[in-house]
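Take a look at the structures below.
Look at the two complexes coming up: chain A is in both, with chain B in one and chain C in the other.
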Partner chain A sequence: MIPACLLVDLPRGEAYRLDIDPPVSVFHTDDGEVFAIDDTCTHQDASLADGWLEGCEVECPLHASKFDLRTGAVDAPPAKRPVRTHEVLVQDGMIYVVPSTDAPNLPPCVAARLASGPA
Partner chain B sequence: MVGASLAGLSAVRSLRKQGYDGRLVVIGDEPHRPYDRPPLSKEFLAGTLAEDDLLLEMDDEDLRAEWLLGARAVGLQVDGVERVLLLDDGREVRADGVVVATGAAARNLPGTDGLAGVHTLRTLDDARALRDELALGGRLVVIGGGFIGAEVASTAYALGLDVTVIEAAPTPLAGPLGETMGQIVSALHEAHGVRLLCGVGVKGLSGETRVDAVLLEDGRTVPADMVVVGVGARPCVEWLEGSGVELDNGVKCGADGRTSLAGVVAVGDCANWYDPQAGSHRRVEHWTGARERPDAAVAALLSWGAVEAGAPRPPYFWSDQYGVKIQFAGHAAGADSVTVEEGAPGDRSFLAVYRCAGQPVAVLAMNQPRLFMRWRKQLAATAS
Partner chain C sequence: MTSTSLPDSLIATLPGSSYTDPDLFAQEQERIFETMWFCAVRSSELAKPGAFRTVDVGRESILITRARDNSIRAYFNVCRHRGAKLCTEETGEVKRAFQCPYHAWTYDLNGKLVAAPNLTKMPDVGRTEFGLVSVAVREWLGYVWVNLAENPPSFDEDVISEVVTRLGDVELLEHYDIDHLSVGRRIVYDVKANWKLIIENFMECYHCATIHPELTEVLPEFADGYAAQYYVGHGAEFGEEVQGFTVDGSEGLDRIPGVSEDQDRRYYAITIKPQVFINLVPDHVIFHRMYPVAVDRTIVECDWLYLPHVVESGKDVSRSVELFDRVNRQDFEACERTQPGMSSRMYAKGGVLVPSEHHIGTFHDWVNERLGISQG
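And now, the complex of A and B:
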């Protein structure tokens, strides 16, 4: 379980990126729900925390792929593979991420970089 | 569904999502299932993306559509309550509703037919041919300094070719970006040793069976082993002439994609939608428009126009050149000023805002995706 940030520090409609490897982003929706997904778009290297959050959906800032924050499913192309989701807990006002043990769906360029070890 | 690219596929998805349960026929003149075109001038051309990576449908996706691929629609007739599509192989497809998504075709230079080594870039087949030729190396001349031309130049430069870009206007990209920013973005060419010749037209090409040079109107000759013609696209709507669908720079549509013929809507590059804010029609050839607008057009088609279209988001496009991410949203044409608000163009990391009477109307960024998104959302909020 990884502490992310205080809930009060993450306004609705905003995202917080956890700089772990690969990075994970926590989204606070306009309805007050909190979700965590891998930060990297599965299509190409872009940070979903910089994306367009609307309802339970985030749109990649570069090529407009859309992902469902609840399931990670692709709602709009060009991405074809779902983004990995993580469990979120809020305790005493602190947001915690429980990292998934599934394999991430990283885009080819990022996957290659990680496979070759730290730059 | 006439057209099997992004706009057509998006319309099919919208139809199923919005509850249409009936028979759905997709007619596409290319033999391929829907594929993504933006990588054709970038990663696919560079060889880092394979053909399978371009496919837009997901593996487990079942849209329950019948695909008539490699068939071109040549006419549309009304027969009572039905609309009848005529195909080039003589077949007919009868439908209650029609979505026109026939896109646009690359313009060519007159008199270049049959000359080897001369390419346009629009389709997968175009990209395959150009990729194979770029692999041979040599001197590439790109005619047209627009986004397609610039991306091809950038990819070819990275592949080690000797590249020259020829632009008829004094400044490339002045149409979409304005003079000041067009200058800044097109400066990427010369910064990488790609020659950029502006303000000079092309008189013709020389070569017997294969191109060997580009002849300029000022008398200069630019030697070439291959040429890419990137001088824009024209909407593919000739097949609708005489059908009752009004044509004007593509298919003339209302703000919800409805055409002058009931039961027919148009989406994507061939569609000239009414823009209520501008008070005029605009034909936008962006990927995002082809992805987003079918939602509204399909809603209008299924409800026979009873559903009011919401305000569309400001047009957005991106381009990747020489490792620089370029993003643009809004309309630069109406702006009376443009100012750099963050970073510096020289660092290839900046954001510029276009304003009209003090109001932001467009935003351009290089390598600033986070800040760009904030501005893009703000533009959308002002627009709706």
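And now, the complex of A and C:
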């Protein structure tokens, strides 16, 4: 369980980017719900916390892929693969994230692949 | 004939090359249009946040938009990453952000860099530091004025004082409540002539009786050849039989309430250097902006502004628009007829100004002064 930020510091409609590897973003929806998903768009390396939150959906700021905050599913292309969702707890006003143990769907990252040698 | 041998009645114009030399035009772009306040767009064109227009000011493309807080913002229309033109359309609306079509660098309406591929892996890239570069903005008379200078001159000294010089005071202009008038018609003219020929034409009325039969009918004193602009604060009086400022002298639209009795049935004209020309008549205002695009080409955007209810109710403004539309076409045709002569061998040293045009000489002195050309 990783502490993210205080609920009072995260106004509705905004997102907080948790700088872990891979990063996770926490969204506070206009309806007052809090969700956590992988921060990185599965299409190209962009931060979804910098994207546009509408209802229970976030739109990637780069190419307008949309992800459902509840399921991580792709609602609009060009992204094809879902992001992971993470469990969120709020205790004593603090938001905690329980990172998923599933393998993340990260966008292609040639540099990392080269660094780790031939696949 | 040299300028020193001119009879007293005549003074010299600028040399022909002043209207044809691309290098000189580039200097004018730099020292006049990229330095002075430039009237760019009507504020009402940017009706809501995200609405934008792009305008060429001097050699620069400028992006003008309305931010979330409803303030008007202007930026160099150039991506901070690799310099691609950010917005290629002349007008449009974005929902939330401007995105470069090349690498998707994305800027919010306040110009801040909000997203870019791999941006989170470059935490040392400041989002304001690498945001869009702002241009000074001022709203006045319902128009957005921009200034590209690094240290913009005072708007009041640069622009408003010009009105005071022309009209005697700025109140005379305020009576027309130009901020709150509505655009009843816009006509854009593509004029194949140097911008100075258009300004000079606007400044004199020696040509009026020859090329403007309808205008001279409505404003008989124009046949005398002295433009309203020759005298400070002078409004040309409508002819006795004339009911309104229309193509046939028929009745105009509802009079603007602030127009005083002594301004009624009169026509005033002001040039605000370097690119605005305004006509004031009791029921409407005609607002011209010139956009010099090449040494021999100028786009002129002209708005006919009426009381909001006149426009909303769909009243017929066509006779009113047609008068000055004809005047404009007659003027621009004359300017286009003049442009080729500017490169004639015969006109290398320029032409002459008659007494009713002598005030154009002060415009020429002003241009030379801006360009740092010594008078002679």
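The criterion applied here is as follows: the second predicted complex is superposed on the first by the 109 of 119 C-alpha atoms of A that agree within 3 Å, B and C clash if a C-alpha of one lies under 4 Å from a C-alpha of the other, contacts with A are read in each partner's own complex, and residues count from 1 in each chain.
Following the convention adopted for this analysis, a residue touches a chain if its C-beta (ideal position, glycine included) is under 8 Å from a C-beta of that chain, and two chains touch if they have at least 3 such contacts.
Just so it is clear, the model here is predicted, and its values are computed rather than measured.
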Following the superposition defined at the top, how do chain B and chain C come out on chain A, clash or fit?
clash
With both complexes superposed on chain A, which partner does A:V98 reach: first (chain B), second (chain C), both or neither?
neither
Have a look at where A:R17 lands relative to chain B and chain C in the superposition and call it first, second, both or neither.
second
Which partner does A:P61 reach: the first (chain B), the second (chain C), both, or neither?
both
Now for A:A46: first (chain B), second (chain C), both, or neither, which partner does it touch?
both
Which partner chains sit in contact with A:I2 here, chain B, chain C, both or neither? Use first/second/both/neither.
neither
Does chain B (first) or chain C (second) touch A:K80, or do both, or does neither?
first
Tell me which stretch of chain C runs into chain B once the two are superposed: 3-11, 111-119 or 237-245.
111-119
Residues of chain A that lie at the interface with chain B and also at the interface with chain C
46-47, 50-52, 61-63
Interface residues, chain A side, partner chain C - complex:
17, 23, 39-40, 44-47, 50-52, 61-63
Contact set on chain B toward chain A in their complex
6, 36, 38, 48, 55-56, 58-59, 287-288, 291, 316, 318, 325, 327, 369-370, 372-373, 376-377
Touch list for chain C against partner chain A, complex
96-97, 99, 104, 106, 114-121
Chain B-facing residues of chain A, complex:
46-47, 50-52, 61-64, 74, 76-78, 80, 108
